[in-house]
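For reference, the structure discussed in these notes is given below.
Note that the chains take the letters A, B and C in the order they are written out, and that residue 1 is the start of every chain.
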């Protein structure tokens, strides 16, 4: 039996199951909020073209509009200035081999779920490795905070000095880059912590990851259904010409 | 001194019996009036060389279209859109045409149809000033305009509703003997006073009832009438005036006052020689303005006048012998002929109701066209028995 | 919660308007009424005041008849109560008082007459917009501070917020919040639209009225809000829009202004119009906060000028179809907000705006300018459109 045939059989018999890591794309799902003098990411919008009516008697469809970084989405290296000159850095030139890859899930939910200022540190990552083994190169690292279980204002958690959402500190990001990870995935709106504009460097998960040609995944959910290791992630953004990212469906294949 | 109307006569008065609502168009009503005139005079349509028409409900047609519709080839044609003054003005113009030889026999007709929505449509599109400056204020139509006039008149003269009631009640008495009147049941002053308000101080019996109908007369030389064997009356004088006293804040007098001396002088007569007065009576207050304007009493004295006189055909001051529009109905432009046709009948001894004995002279008055806040056209003729 | 007793088994009164047809000259009355002026044609050659509006002077046949402010005093010559009308709108409203007034400027005008005016007494005249959007004469008592409130019949000419339910569309801004407060103070019940509630905004902890999720840039959100409250909304005050100086994201700006207004029009107005003849407090108005740069373009705010022009054109084009609703344009100049920090005064403040909207609703105005700059620009535009085009 070929490995693919075995894979198909395991899916069919339920030895493997699919976990959907994607938030529903809807108009009121929070988007990143930049200071007002900057351009803003468009929220998801949907207008009916026809609904079995005079605009189309037998069919129903919408026109949608959306920013590249709206909802559950993928960040390509070109998204950040540090990755702007790298090869294969846009959604249409990504190495497709990378779009299916294993994941290590770092569960910080116990400390992060109720702490918008929680930071993922090297110490936590080292502790994870001590328990689960070294993070292999080419793996996604998914940061479980359980923030996907929040909604609306609780989820965005924007206060007067900006968003307060968990994320990695700069050293942790550099550490992951040095491990050769494929990318970094989070449940919150950005791969960076809400207060990452105060870090050095600013926005390390963007600056360092994309500078190294790595990827980002945001607004994931159901990370609590994944094993610490052994999940296979299917994360293939739309093939947008020169795109910096895109909303996408993220699936995890896990042992039952 | 204006030239008189010597030798000009009016004959063959025709009233096409009125109907509250008609399924026919105005062309039908005018056609029946013309047919009645030809029958009365034993003429064919080719004998008519003059035509004068008044109507509000012809749609886009004018008198010109009617010539083709009716198969006439007149050498003199007029169209007089002057509502309640149209009979007077038509007679005045036709008389001059005949006198000058521009026509030999002129048929003067007026008529309108009436459908349940006709009145509203006529009111809604009556004139530019109506549309711009009257209709938007309650769309009460002529009732509202005459209510204002009546309100002002009552305060200016001390007239009471009973005074107007005398006019309505006496005309209803006249109508009881007139076969073509639509409203012939007796009307008491109590009924008048207790009727529902329409536009204060006007109540139901102050307002005419729109209906369908037509009227007509023939105008010709006296010799022509004699040849045809027709009964006729002499036209002795005629006046018309438009937009008189434009600076009066509200209409407490009509244009008659400007021209009445002329009217009586031409006819060599005076108000006390008039045996029958036919006023235009779309509302009783207008009758009062005519009594004053035509010199039967002084300005503001009409309330006293109507209290002092019996206005029935059988009374000491016969007035509106057919019952007028208040009892007969207002058949659109035909209302401008109603007094004229019945005056000709009375003067020729052919009254359809009680005949006024020995009647020598009648005065017929017209009034019309509430272009905005007042009637713009006034006119009058004096007719004399042959 | 404002509740109105009503019999749900009876068809509501239809949304009717009085006769709307006018000659071109007579439309000048609406121009004056919309500005709250009492202006009539005056002959440039001989100075004679004209009424009804004409194409030639009644005294000298001069053709140049300029609309000028004229004295509004007069004497009520006669009055009546129309109890039977040929017009469906007035049939809903009979008995209806009207009369004839001799004005001090020498003309006679039929007019709607306030219940306290008596024939023979002096009156002051006003031009108001009726529910057809046409300018009409009102005879008001000389000594009455609030004549539009003191005769219930005259409510037909106003959109008084008292006792009405108002949707203020954008509670995220100081302008929306101030408008909501002023409307509540004027006796209205307010629904306050809040977009993207997850994203905090100034004043969110002290919001007036009842908040309702409403994002005018999202058709689905507008539809949901309409489903929830359109049938209970009597007035909409739309404070969403785009009022920033300089350049910007044109698509987003258009979405926040023109498309926002368009979605409101599509999803709310039919429900409002359906109740625009009904009961003692019919649905009556849609107010839009619109930059005066939409009327006279501002070189300092090209994007705002364009999108406000689009919104303005939409509102004006919808007016005839939406009668008897009043579609009120509340023109604003530079807003007193963070976007206009670098610009010198005068600016339009939230309080000014809120008070002006309440006043416009009470007066029944349809085109108002809020603040000195907007007022000045509107005055220039009325004075000579062409010159403002070639500024």
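In the analysis below, a contact is a pair of C-beta atoms (placed from the backbone, for glycine too) under 8 Å apart; a residue touches a chain by one contact, two chains touch by 3 or more.
Here the structure is a predicted model, which is why all the values come from computation and not from measurement.
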For this session: Select the category (line, ring, star, complete, other) that matches the graph of chains linked by touching.
Result: line
Problem set entry | Most centrally placed chain, judged by C-alpha centres | C
Seminar exercise, completed: chain A to chain B, mean C-alpha position gap in Å, rounds to 93
Seminar exercise, completed: Between chain A and chain C, the Cα-mean centres are separated in Å by 50
Seminar exercise, completed: The residues of chain A that touch chain C in their complex are 27-28, 30, 33, 36, 39-40, 42-43, 45-47, 151-156, 158-160
For this session: Note which residues of chain B are touching chain C in the complex, please.
Result: 119-120, 123-124, 128-129, 131-141, 143-144, 147-149, 151-152, 155, 196-202, 246, 249-250, 372-373
For this session: Report the residues of chain C in contact with chain B in the complex, numbered from low to high.
Result: 18-19, 21-23, 25-26, 51-53, 58, 75, 77-87, 89-90, 94, 96, 98-100, 102, 108-112, 119-120, 130, 132, 134, 136-137
For this session: Provide the residue numbers of chain C that touch chain A in the complex, in ascending order.
Result: 196-200, 213, 215, 217-221, 249, 252, 338
